[in-house]
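Common to both upcoming complexes is subunit A, partnered first by subunit B, then by subunit C.
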Partner chain A sequence: MSQEVTLDCLGEACPIPLVKAQNKLKELASGDVIIVQIDHSCALKNLPEWARKDGHNVEIEEVDDGEWEIIIEKA
Partner chain B sequence: MDIKNNKFYKKWFKSGWTYITGAILLSLFQIVTLAATGNPWGVSGVFANWGAWLYRAVGGSVDSWYYFANKGAQATLNAGILHHAGSMRNLGIIFGALLAALAASGFKIKKLKSKKQIVAAVLGGFLMGYGARIGFGCNIGALYSGICSLSVSGWVFAVFLFCGAVVGSKMLTKYFM
Partner chain C sequence: MPESVKTETSTGGGTSTRTRRPRKPKKSQLKYALPLAVVLLGFGIYLATISPNLSFFWMTGICFGFILQRAGFCFTASMRDPYLTGGTSLTRAVLIAFAVTSIGFTAIKYGAYVQGLPIPGRGYVVPISLATAVGAFIFGIGMVIAGGCASGTLMRVGEGFHMQWLSLFFFIVGSLWGAHDFGWWHAHFMSKGVKIFMPDVFGWFGAITVQLLIIGILFILADKWEQKKMG
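The block that comes next holds the complex of A and B.
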């Protein structure tokens, strides 16, 4: 069964959310989902950019003012 | 009208601009800055002046300090912050960034996550501030404006900035994550 992991990166600035997500994704299997919670607008750009380039499915959800969830499904 | 779903609102205010748009705008406005103030764009040198004005306000004197002892620096300090183009520009940057965040409804007051984060911020800020003054410029004044004015010093700065960034990144992932 595929699992879902939440990564709390609230209050973290670049490049920490990206590095944390990259490290976590390595531990997961294909089909697993990782939800990265961020409130740093640069991560809103570099996280989806990296994940899409790597071939994963990416969705962005605006949770609140200045708060987003980047949902990445490992390919 | 529902502004949130307006196509132009989404394009101009909500989603981030591309790096190319940013680069073109920065290039244009640094020319405007140079033409209007007579000096290339700089950011961190202004903070040294703010420090000097604060120190003067509490009765101190920086007049004999090497950095402030020359005529130009003295004239700037004596003219005051209201006549200092760089100060106005820095305030404009802060105000503009606030406006952009508000317009995208992306403004948020962030919590400090850990003591480590405070240590990293204070240490990083100190190193950047000290380095910028001892190197007579930060990544804007020395790197960006240096390269813009076709100065070799900007490229030399870039090489060592890169070396420092490599060391900094290693430290960041090792101690502060």
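The block that comes next holds the complex of A and C.
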């Protein structure tokens, strides 16, 4: 059964959402999904870029003005 | 609280039930954007009546901020992400920007030189020494913790990111403090360095060649680094 984790990174500046997601992703198994909630525009760039290059499936959804959910499925 | 919607999403291993917030309908921001554009233009015209230079600074400042924000350009990330993620796309973007400005600045300065005019920006040729490196290192620590350098902080203040309102406040405090003690630092550390204006050392053509060569080498290294770290 694949797991789904939500990471609340609202109000956290740039490198923190990325580092949190990297650490959390290490604990998860392949096929698990992690949803990172962010509101810092910078994380919108580097988080998907890193996750895609690392080989995971990434989806970005703008849930509100200036608020996004980065959905990463571990490969 | 908005009502949650369940969506079935198939993932690699099986089927997961994901709860998502329903997407809010996008509000049109045109009703803010148009009046703001009028105000910005109007103020620009007003500044032009005081001094054309002021108006020019106003316009370039706004353009610079707009491009930074839309492009997601971040000097902090360009220095931090190679270590954190191995990604160097922003690092290379900054290097390209340096290369373009180097050529532009050389053109302006050489233009003044051949006409026998004083070279603009001579006053900004400041001594470099170990103090420069130490200062840069301290600034680097600060900008990663604060989540942005000067332009990045300003840009995110505009985006409404509250934590960086705090960054801006202390950025101003720090700048004022630095300005207050600048004389002491200058007398004891900065003036001990050497002043180098590269065209004096290499000649005009040599200076731009050396500069572009260094940028080119850094660009190649950044590219290689990304391939090594990210595959």
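Heads up, the rule we're going with is that the second predicted complex is superposed on the first by the 75 of 75 C-alpha atoms of A that agree within 3 Å, B and C clash if a C-alpha of one lies under 4 Å from a C-alpha of the other, contacts with A are read in each partner's own complex, and residues count from 1 in each chain.
Simple rule for what comes next: a residue touches a chain if its C-beta (ideal position, glycine included) is under 8 Å from a C-beta of that chain, and two chains touch if they have at least 3 such contacts.
Bear in mind the structure is a predicted one, so any value in this text is a computation, not a measurement.
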*Specify the outcome, clash or fit, for subunit B and subunit C once both structures are aligned onto subunit A.*
clash
*asked:* With both complexes superposed on chain A, which partner does A:49 reach: first (subunit B), second (subunit C), both or neither?
replied: second
_According to the stated criteria, A:2 is in contact with first (subunit B), second (subunit C), both, or neither; which is it?_
second
*asked:* With both structures fitted on chain A, tell me whether subunit B or subunit C touches more of subunit A's residues.
replied: C
*Between subunit B (first) and subunit C (second), which, if any, makes contact with A:11: first, second, both or neither?*
both
*Thinking of the overlay built on chain A, is A:66 touched by subunit B (first), by subunit C (second), by both, or by neither?*
both
_Is A:20 touching anything from subunit B or subunit C once the two structures are fitted on A? First, second, both or neither._
first
*asked:* Out of 75-83, 111-119 or 129-137, where does subunit C collide with subunit B after the chain A superposition?
replied: 129-137
*What part of subunit A is shared between its subunit B contacts and its subunit C contacts?*
11-12, 15, 19, 39, 41, 44-45, 64-66
*Across the complex, what residues on subunit A touch subunit C?*
1-2, 4, 11-15, 18-19, 30-31, 33, 35, 39-42, 44-46, 49-50, 53-54, 57, 61-66, 69, 71, 73, 75
*Name, in rising order, each residue of subunit A that touches subunit B in their complex.*
10-12, 15-16, 19-20, 39, 41, 44-45, 64-67
_Under the stated contact criterion, what part of subunit B meets subunit A in this complex?_
16, 101, 105-108, 110-113, 117, 169, 172-173, 176-177
*Across the complex, what residues on subunit C touch subunit A?*
9, 11-14, 16, 18, 20-21, 23-24, 27, 69, 72, 74, 76-77, 80-81, 84-87, 89-90, 144, 146-148, 152, 156, 159-164, 230-231
